[in-house]
Structures are given as C-alpha cells and as structure tokens.
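Below you'll find the structure I mean.
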C-alpha cells in the first residue's frame, strides 16, 4: 500500500474480489487478464459459472428429485454454501448485469453485500441504469466496461491512474 | 401469542410486515384486506408505490438534476432512507415478483433481508421459479397468492390453519 | 425493578419469556399460572403447540405437497418465522425436555439462543442430565419443576425469594 | 476458485469444515478419505470424539468432583472452549445424526451455527426426517451418505459434479 | 406508512431524527417548523446547542479542572453520553455544516453514523462540496436548505412530493 | 430533548440507567432522590441489592446444593439473567466502587458495558483512582458523589448545568 | 485437530491465548513452560507485565502530566490499545486473580471477554471463590493451578487427558 | 508479544496501522522511519496521498463527468473502497490534523473507527485541542509529534519505554 513521502511499503496485501452475476460473456476473463497485466495482488472468486453444473448442483450431489421447484431449491442451497462464504470473504464484490435474462441472483448478491457493509461495484450498460438505480445507489461505483473495473482496482490498490 | 394448556394470553404483539416489490397489481391491498378480515395485529409498511413520485424522489425534494443517471441516483438515495429503515424495523418481509419488468430492487431487498437474518416470504407465479431459485432458497416460504401470505401470517401469529 | 434504599420504583418493565420445547405436558400452563399468581409482569410466547397444526403448517398455508420431506420442510419454514422472531424478542428462554421423543428442535432453540447471547433456563428431570450436559452448560440455570422456573423469574424480576 | 472463461486461478483457499455430532460410526473417516481422494483443500476439525475422554474433560483437567451433574458441567465447559471456537472458525459445518442416542449436542451445534449465519449440512437417514425437520430446514443441504457430503464439498470448492 | 391500493394505513410510526452539527444559525428551528407545518410524526433530538453549557459540560457537572485539554476531555465525555445514545436511537441523522468554524464533531458524527449503517443527510452550501466529498458520498442525500430536508422527510414518511 | 432555536420539544424520552456495584451505602437512594427532585425522565434498574437474597439466589430458587462453589455458581447464573438483561437495556450504566470489599462484579459489569459500546460513569473516591485506572479510562465520566451523577444526567437529558 | 477414525489431521491451527491479570507471580512462565513441554501449538499474548513501565505508559510516550488522575488516564489509554486488540485476537483468555491487590482490571477484562462471547478460564485459589462468583460463572472453567490450565489447553487442542 | 517471567515469545504478530488524515507534510514518512528504526513489526496502510490522483479517482477510472459535485461523488466512492477496507483491517488508526484545510475526511474516519470499536490515536498541535475535543475524547491517545506515535506503538508492541 503506497503511502506519502517516498517510503517504500511492499504491496503485500492480497485483495479478494468476488465476481458476481452474468455468466454468458467473457467479462470475468477480461477483468482477470487486466488485473494480471497490471500485476495487481488480487485473488478472484466467483459463483460456479458452468450453467449446467450450477443447475444440477442439488441433484448432482444429493440425489434425484422429481419436482422442478425442489430440484432448484436443493441446487440453490448447495450453491449458497459457496457464494455466501466467498462474498463474506471478499474485500470487494463486482456485480455484473447483462442485457439478457433477469439475473435476480445478481441483485440478491448486491443486497446481501450492502447489508454486510461490503463495498461493491456494478458493471452494466447505460440502458439498464433506470432499472438498476437502487442497486447502483448502494454501490461505491458503476462501471461500463471490464477495463474500468481494472482501473478502479488498480487505483484502490496502488493509488495510480491510467 | 397462544400457548398450550388453555391459558389465555392476549395477542398484544403487533407484527410489522414490510411489503416489497412489484407495484403494478393490487397484491398489497389484497393482503391487507385479508389480514384485516382475520383481525390480525399486523402493521404494514412498504416502499412508496406511486411510481411517478418514486421516480422523482430526488429531484422533487433536493432540486433539479439534468443527467438521468444522477437523477436516479438522487432518487434512489432518498427512497433508501425509507426502505432500509422499514426493512430493518420489520419482523417479516414479503417480496413480490410480477411477470413484467426486471424488479431488481425486489431481489436486492431480499438479499438485504437475508444478510440481516430477517425472515421473508416470496410471492410469485411458478413460471418464475427457476429464475428466482436463489431468492426462494433463502426465503422461509414461497407463496403463489396473496391469500396464502395471509394464511401464513395467520398461522404465524395465531397458530391456526384454515 | 426494585433497588436498594427504599426508593419506590414501579416494576413497569414487562419481561418477555419464550417457552420452548416439549408440547405434551402442561408445563407451560403451570408456569403461566405461577407467574400470574405471583403478579409478575411477564408476557409469554411459544411455538405453536397444537401438534397437528404445527405438522401441517406448510401445506395448510401454502398448498399441497406430496413428498413427506418437502412437506416437513415447508412446515418448518413457516414455523421458523414465528419461533425465530419470538426467540429474538425474548428476554429469557425456557427450554423444556420431556422423557419422550427426541426433541431436537428444543436443543436447536437452545443453541440458537446461546449464539445470540440470550439467557435461557433448561427444565428437565435428572435422568436426562448426562445427555443434556452441553445444553445445560450454556444455560444460566437448570430447573426440575415449573415451580422452580417461576421462582427464578420472581427473583429475577423482584429480587425476592420464597 | 474456478471462474468462467478459462483463466487459471489456483485453488489456494483452504476450506474449514467442522464435523459435528455422532461419534459411534466411521462417517468422519469416510468424509476425510473422500476429500483426500478428490484432492480438495479442506481442513477438518471436530469435537473430541474419544467418548471416555470427552466425558472426563472436566475432572481430568480441573480435578475431582463428586456430583455427576457438576462433573458433566465442568466437562461441558472445557469441551465448549474447543467446539465453539472451531465452529466459529469453520466455513461449513456438517451435523451428523445417527439412529441411536439423543444427540442433543448435535442439534445444539446446528442451532448455534444457524444463529451465526454459518452454513451447515445435515447428514442422516430418512427415518429421522420428521424429527429433524427444524434442523434440516435451517441447513443448506441434507445428505444421506458421507459420499454425498464429499460431493457437495467438491462442487462448492471446484464447481464440478460427479 | 402509505401503501398502494387505497388501503388506509395510519402513519403511526414516529420517526426519530437527530440534528447534528452547526449551532450558530436557526436551521434546526426551520426544520422543526417545517415538519410541524406538514404534520409529520417526527421526534427530534440534538446535541446540547447552548455553546457555553456544552463547553462547561465537564466542569459544570464533575468539578473543577485546571488544564484546558482535560477540561475539554471531561466535557466531551459527558456530551458523548448524550450524542452517541441519541444517534444510535435515530432513524435518520441530519448533519449540518456552516461556513464558519471547523466543525470536526459534525464530520465525526457522520462517520459514526456511516459505520453503524445509519442513513444520514448532509446540509450545506455548494462552496463546501469539494471539502465534504467523502462525507457527502456516504450520505443518502445532500440538501442545500432546511426546506429540502423537510421535503425529504415528507417524502420518506408519506411518499408525497411538493 | 431540547434543541436550539426555541422550538418546544417535550422531553418524552425515558432514559434507562442501570446502577451497578457497591450495595452497602445509600448511593442509589441519593441518585434516585436527586433525579426525582430534578424531575428527570429516568427509569432505574439495578442488581438485587439485598445481600442475603443475592447470595441465596441459586439455592432459594433451584433447590439445595452442598458445595459452596456450586452454590455460588447457581446463584450467579440466576443473578446474571437479571443483570445482563438490564445492562443490555440500559442507556447509561453507573458503576460504584466503595472502599470495602473487592467488588469484582462491578469491574466485570464495567468491562461488559465497555465491550457492548454502552456508555458508563464510574463513581468512587480518589483513593481508588490508581487501582481503577483501566475501568475509569473506558468510562465517559468519573464522578465522586451521587450528586455529580445527578448533574451529569441532568445535563445529558436537559442540557442544563447547575 | 484430531478427529475420530484414525485419520491423521496435522494440528496446524495455532491457538491464541491471552494471559490476563495478576503480574506479581510466575504463573505466566509456568503456563508457557507447560505448553512448550507438551509441544502444543499455542501463541501467547499478555498485557505489559513490567509494572513500572505499565504505570508510565502515558507519560513515557506522550509527555509529562502533573495530575495523577490524568497520568493514569493517559497510561490506561495506551495500555488499552494493546490489551483490547490482543483480547479480540485471542481464542481463549486466562484471567488470573492473586491474593493481593484489587485487580479490577482483571475483572474488567473478564467482563469484556464475556460480552464478546470469547471463552475464558479463571485461575485463582478457593479463598476467592465467593468474591469471584460472577466472574467464574461466565467462565468456561475455573482452574486452581497453572498446570490445570495447561491440562485444559492440551485437552482442548489435542483431545488428550493426563 | 513479551510476557512476564523471562519466557521468550517471538514477536511474530504484525500490527496493521492505518495513517489517516493530512497529506501535506511528511508525518507518515517520519512515523514509518521511526518504526523501521525501532524494528517493530508494523505494516502501514493509508489513503491515496497523491492529491491530484485522489481528486481524479472517479473520472480517471470510470470516465468523464461534467458536474463538479458528481465528479467528487464518483471519486469519493472509489476512494472509499480503499479507505473503508483498510480501516476495517487495521489494528490501530492514527488520525492526523494539520493547521490548514478543513480535513473533514480525517474526522469522518475517526468517527468511523470509533463506531467500529477500533482504537485510534490523534496527532495534532495544541492549538487545535478545543476544536477537536470530541475527536480526541474517543481516541485512546493524543500525540503531538510523529515520534510520540512511534513511542506509543513501541510500547504497545514491545512493552518498552524510551
């Protein structure tokens, strides 16, 4: 963590960043690549992003279930062990909303982080601004691109811009 | 609160129920009417459900703002004073999802309640089950009709069914 | 709340006592009768003690469910809205274990109260002492009779013995 | 923690799993063996599972005590230093109920974990379902076999099924 | 609390508003007058605003003290009993910064409220915007006039604009 | 709560004050008398101050116990139901140390209040200053007389000196 | 942490033990020696036990102060930075009371730990039992010798007796 | 952490110290140099102290913004990700006030730390004492020079003076 006055303080703190939300584009890969290129000490975590595995998380581990509602219920419980633990661990949460699907779990994660006093950054296009106004209000920043998220993390960790 | 053994305990506790989510149908009115008919000691609260007023909450109180993003930002801040205070006050939150709009603020409220350890009940049609599986999993109940919510509250308060 | 020195302080504080556990004997009635006889300002709450209603809490409010596991799951969720709210409200929890049934929910309630830093009193026969040692250790008192619970509450509220 | 998009993130996070409950069968050994076989980064903890030592935890460390109730009381206090510390440390708690004994301490641990917002998984046969409905409801998953618990942890950590 | 659908819910909730900061102008009087005129159920609290009394809070209650630093120290301790209790009680905090004096205690109160997750509104002229940017960022709203604060509270409580 | 600007705000808030510590002199009576004389809206609470009753709190409610250590243990558990509940309820705790006895429970109560972030005032003679320096440091004020405690509470509630 | 079933789990967890209280005898040395002899993974912390340094902690770091009360006040503040940080860090606190001095800070530390839900062990002679009954009641164990504290920690960490 | 009795305990604990406040003099450099010279295991963190970068933290990472108020708002949000995370991480916060500028963010940080129960040390000249009395009162120490802060940390960590 850089401090004033020229004293060299090694940036040994590893920042934990949880990447929540949309799983159909490569935004996580782009953020990770940007962070690696900038040599920032960031450790990433995320929900399971393999859509099929995530949907089968309950029946694939605990056994068959015939009713769709309860199949989802079992799966969501198993996924919550992962997501709630990793969100609690994180220093910063990035919440991505894409232009398709309802992505209610992304908004749920944002509300969960907000209530814990955990800082989060939203990432979405301006078309979604009005619908996301409550979610954006409780965020510390709203980014439009993965590169902006990288820029935010670079500034937060190293105090450097562009 | 009724207890076993025939001792008469007057149900003096007033339950606070916060009604979150969709604002385009009459579900709040139906829940309130059902609760009144059942003579249950419930006090309701809710976000501002006048859509136009809610959208103007910032500029209508704090003054003009030309940029849509910041207009929403101001409004969401003013609304959050109300919603977060009332959710923290509530004993139970009911979160309603309709078939239109994205309703991310409803999912945000559910995540917020979950992180506070506040019990909530979701209210939506089966068509939304898969998309809402994470939100339903953290709920104590998923209802399909306003009448079911009334039945839940009647049971919770009086211990009576049907 | 009585204080030293003869100053008259009216005992206006109403104590909330939650009566958890066994539902097959009249221990709740006896505690309530004793408290009323002693004119103590105590307000009682309890889980729903109508066994049949409690078992049907889910299907009786939210609709049919064919699988026993999920029927219980729905019912336990609805019951938890009541029990967790009332335990959080309570000043003191009394946890009763009888000589029949496994009563795991009573032990669950005790663990829940312990983690919240909520004082609780256990009520059971000496035959159960060894099996309940962890539950008793985290309690502030272990009583053998309903009358002893009344005596504890009388002392706690009025500072008077026998 | 694996994330989408092919970026390699080393699974450096060590998950802490606390294995609570029944001490008369080899379920802990089977879970540990399965986790090791799957090469998962899990660190286990548990209560003291040597029954005789656990019963003598008080008198074996603090000196003789003639009354059985207080002997248990002393032992339970010493055991609680271990169990409550390790449960607070854990990311996930597994709570096992066998078909013998009352195992109230297992249910107590589940209630304790629930109040802390700590995710837990129950492990028991279907015969116990009805009696454990409250304990199962607050769990994120109910498993029938040790192998299912391993599958849950493999999915939670690596996002992989079977 | 007004809800949708025409159901009449009496606004019985009394909102607690703490008025922090500058004590040399009549802003508190103007907010209170506006709230009364609008017939809003608001109960106000504030630090002691009699400057001389506030400065003497320590020596005037606990006895003489010759060193200015410790005199202030004693006074600040006595004042903190009041201010921290009332801020914790409040639903909303209004923090006023005037154009004179350093008013560090106002910024301290804002930071205190922020860490508690308590919503607050800042009230100051645009000239102070840059210097107050951190304090404004953690606020839910920034008002320029006492009348705007009244409008915010009216909207928050009644859902009405203008 | 008085506020600036002449607006009349009725002092409707009732302050809860817990009077901890020494039980052999009339300091509680003097504080209560002073508060009544000043017509302050204060509600008092305290531990049981009847020394004999307090010592018998366990055996007098729960039955005989032959070993002095466990007799004290039972009594302290029953007393803790009262003291910890009332300290958590209190707005302000006054902790009195006299010149006799060790009064470790008074210091325990102070540490308990400090960890809860609850403001407290110590009351003792200067002879004890050095021995009580840690306890005084975490207090918001150290008073020498009951009258000074009354003066502190008058200032805290009404903002008035002498 | 040893678990049932013969699986070898390396005891990698380092336990943090804070040694509070009396500073005039060699009890800390004896506990540390016993722990080292038993090869237990324990890391110790303690208040500053050099009596003269502790008394001068304020003036020796922050500059001269003529009044004894404020000298102690300054010193206690500086010491509290150390003690409160290390108590919060600790897994277990040992609180020692000797037969001399009032040791109110030891009782304060015990109350502080109790309110944090931090397990602690008291260490004192039977002569002090009655005076310490509240402090002992909130403890998980009361030991008479340093060797007993070592035995408790050995059991807690390794599950082994004598 | 040194303990009594000559037992060698290696000072392996790394203390986290956050240096908040004024960014125009070399006080951070002097504290760091003093800590290094004393070979103390301290890891420092701080807000971004490059004034220009800090002012551009929003627009430099998230894109252009024409209105000064919102430009500051964006920047303060990004800065808060860093500052609030590091303050929560810190064992001790040092808050520096210089003789120029209003430095409201320093007072905000102090209030934030106070509400979290995080110990902090203020650092400022006596001329500011009266204006900073509330901020100083909630601090554990008030230092006049960077060297005094070093002395405090040396004592806190090693128990040594001068």
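In order of appearance the chains are A, B, C, D, E, F, G and H, and numbering begins at 1 in each one.
In the analysis below, a residue touches a chain if its C-beta (ideal position, glycine included) is under 8 Å from a C-beta of that chain, and two chains touch if they have at least 3 such contacts.
It should be emphasised that the depicted structure is a prediction, and the values quoted were computed from it without experimental measurement.
Check the residue numbers that chain G and chain H use where they touch, and answer same if over half are used by both copies, otherwise different.
Different: fewer than half of the residue numbers at the chain G-chain H interface appear in both copies.
Farthest chain from chain D, going by the mean of C-alpha atoms per chain?
Looking at centroid distances, E is the chain farthest away.
Just give me the whole-number Å value for how far the CA centre of chain A lies from that of chain C.
Measuring from centre to centre gives 42 Å for this pair.
Between chain C and chain H, what is the gap in Å from one C-alpha centre to the other?
Whole-Å distance between the two chain centres: 48.
Please tell me the distance, in whole Å, between the geometric centres of chain A and chain E computed from their C-alpha atoms.
Between these chains, centre-to-centre, one finds 35 Å.
When you check chain A against every other chain, which residues touch at least two of them?
77, 80, 142
Spell out the part of chain C that touches chain D in their complex, as residue ranges.
It comes out as residues 68-69, 72-73, 75-77, 79-80, 83, 97, 101-116, 126, 129-138, 142.
Can you name the residues of chain D that touch chain F in the complex?
My answer: residues 67, 70.
Which residues of chain D touch chain G once you look at their complex with the stated criterion?
Touching chain G: residues 19, 23, 26, 28-29, 32-33, 43-46, 48-50, 53-54, 56-58, 60-63, 74, 77-78, 80-82, 84-86, 89 of chain D.
Along chain D, where are the residues that touch chain A in the complex?
1-7, 9, 12-13, 15, 91-92, 119, 121, 139-144, 148, 151-152, 154-157, 159-162
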